[in-house]
């Protein structure tokens, strides 16, 4: 049994900023004793002391410095609205860093990072972590969103060597879905890299596998699932993987969130 | 202080617990996963995730859904099976100073008797909870826990194959008269009752126009079911002389006190650890401070 | 538009409703009390507070208690009795353009048959809901609704004494198998099923160290029970051919849609009117706009 | 059947002021069409759109002018905390005026008004209403609270001819309960009036009946009970009254909130 360093902390909000009509960045003081985290790891936040919503809400770490822990929050319902509207000084209960598998450093290789919606958060954390470590490969970000409203202003442009953007309604960047944009970029030779990293809705990741699977040496993806414990205990967040012909259920929270995209048994997952 | 502490010591059959606050079977898995967030050794015990003879993969599809102050789950008894549980999990649990209560699935008769025999080989196991009630599994669970005659035979079998082991019978609320099932368990030799398991419910995804869960039905837990659990414990405690462990929706120290007043001798916390992992220890501390509230 | 509107017309036996959205029996009393807050004539109907042959004073002590997303009530069938209901309330209801469904208590056999006969004298009454399920009354209610044989005899009696009147049998969730009770009601001649009445629960006042309610047990309603109600409707709708009215925890337009998808032909809103009296009309409007969601 | 004018309104908060550590005054814009109200009537406020708390919360009208509707709010739990912290501009759903029986005008007579805690609110409304109508009897307010913290600053002094105050811990005014204070005032002849009006916890009202019942020509009291509908429909808020030897249950919300104190069957009420 591996040791368990997953703790619950009280974290104070330093700032909370709307960066688009539906998204905000919430920055917490890094709680004392909060361990270093890896790209793809997340925290789980108790957004209220009511029983509606009941469960903590999981959020990818967008950045973790010596002093700060930053989250990118899209308002999707009641819980995220509460988190997005937390004012400076507010103290919230936050567990982490959670997640047993993270995005590996591309080493010297170039990499494409595909993000759907707030799947952006772990990509920013990846880029910043790898650059801090001195990684020298080129990092291409391809970001897809429903519309300009869901595509936050590019405060993260500097973190990548190049940023491409797709919106479903064409209000910013490429008009269409992010997978189509990636295919186009690859076809036109504007991007070429051996490694693919992705994070976004299951439908997006599945389309990535189906349409661009053979164009990368590896494709790692950080998955989302509804979670209760966040630590691998309750078995509520499982994803079906194909393992030697059999289907096995892995916990997104603890066996992931990062998996080899080719292992996922999509047709078993709804 | 010694007297105060003694007050909250709790026993089922020959098994003793340092306090009457346990983690319910399931939400905390095998306990260890929560060792970073809960000081498990300070609790009366941890009822481990129900195990079956063979490993079970659990249910496909979505497994969790929030409802108004409640949680539906369709985990479907995913577990590592008896061999890995006794080989890996149990030693690690004991090593960590956690006091386990081993939860066993009462599936079909053959698997069940083998599982009892396997369990009886492990001298470390002095208390077992028979999950007579898991509503997610098609065969087994539900049928056993809803029929007094079956409860009688399953508990008797466990009684005879696990001599000296304290036996808790965990009941389902999805019956008309939980008192008669508690009485059946007591009559068959159970040393205690655990009430309740989850309440049957379902949800529909209106966007996708289909039930949220592949198995359609799921088990409801959390604050939404507290009134139901409290009533079940009240009734069960009046139907038997053996101790009753109360579970269902406990999400504050006050909630736990309600169960003690209703007649529970101990409480189990489940869903609440997801959002408030400190709760079980706070309940234990309050009991140490103020003593066990008397039954009303 | 005509087609759209036709879609949401709803029938039980010979009784027709302008839309399939009703107020559940109890929370709205005789309907009129809510006429300032709800445009009652725009709803499919109002199931009036259950009446018994003689007036009933109801339960002493505290009658309401909030729980996590739920409400416990121990009103205990307080009502004005048949004479005043038919003499005063019903004429006023009809006068106000409200479409009543008259809810009758299935208490002991003698009172019950007299109540049916009294009801049969009122030609205005074309649809009756038999409350087979009130859990607050010591005799009657619970016992009837939990036993298929009793459901059979009570429904048959109503069928024979109220020829031509559409009959709804309202079921309790406090049983193991609601499907068999729905089937019993259908077999005995019911024209529709209403599911569900409140779920049995209780609460304890820890300060006063006693149950909140004098009768100890009370009925749980509101969002907390939605998953339970939805499952019951899903099951009942698959067990009978007659229409099922779904009730239990509906507190948004989307919640109502879940019941239609689960197989309900109509919905009843209860507890939610306390905090959102505009909800029933919003559900009706949404149905007019989008049509009835198809069953899944 | 009497007509029903009980409606639900959207009301905008104009101001919200803490007047003591545990109490605040929340002032709403009087909603368009909101009828005139009588002393002892109340409104029922939807304090959140969550299902925790589930029910509306009933509050006595403390004042109603052409423009404003004021409530006195003590923080007692989650619901009242939400109401007390509503900020200016916030819009809440509010039903009223509710209550079928109110405090009658004392006419020219002197009257003692006994208030326990926030039972003060209807007393302020009574005094203001009666004075506005030109009532000329003397109005004595006797107010009891647990401590100075629960006894708001006397912004209402001017509404009464004389104000007496009791706190259980002696932190303000008379040290002891309000009933003892009233008995003392009566004994000492510092107050004398034919009419008694009261509002407060059931225990206080019961003690008033038992200890001072024979010293007044009439005693009317405004009761509290947990409420769901607020309009007499659900029968959840009943109080047992003695009516010709029998016990009958009356709805506090609709048959009250004001009752003749001598009618209440206290021993039947818990």
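So that you can tell them apart, the chains are marked A, B, C and D in the order they are listed, and the count of residues begins at 1 in each.
To be clear about the criterion, a residue touches a chain if its C-beta (ideal position, glycine included) is under 8 Å from a C-beta of that chain, and two chains touch if they have at least 3 such contacts.
Small disclaimer: the values here were computed from a predicted structure and weren't measured.
Chain pairs B-D and C-D differ in how many C-beta pairs they share in contact, with the greater number at C-D. If you average the CA atoms of subunit A and of subunit C, the two centres end up 47 Å from each other.
Taking each chain's centre as the mean of its C-alpha atoms, subunit C lies 35 Å from subunit D.
With centres set at the average Cα position, the gap from subunit A to subunit D is 54 Å. Touching of two or more other chains is recorded for residues 68-70, 222-223, 251 of subunit C.
Shared contact sites, meaning residues of subunit D that touch two or more other chains, fall at 51-52. The touch graph of these protein chains is complete, with an edge between every pair of chains. Those residues of subunit D that touch subunit B in the shared complex are 51-52.
Touching subunit D in their complex are the following residues of subunit C: 26-30, 32-37, 49, 57-58, 60-66, 68-71, 73, 75, 78, 88-89, 92, 214, 222-223, 251, 271, 273-278.
Across the complex, subunit C is touched by residues 1, 4-8, 46, 51-56, 95, 226-229, 231-238, 240, 247-249, 254, 268-270 of subunit D.
Across the complex, subunit B meets subunit C through its residues 67-70, 72, 146, 174-176, 199-204, 206, 209-211, 216-218, 220, 222-228, 230-231, 234, 249, 251, 254, 257-258, 261-262, 293-294, 296. Put simply, subunit B touches subunit D in their complex at residues 68-69.
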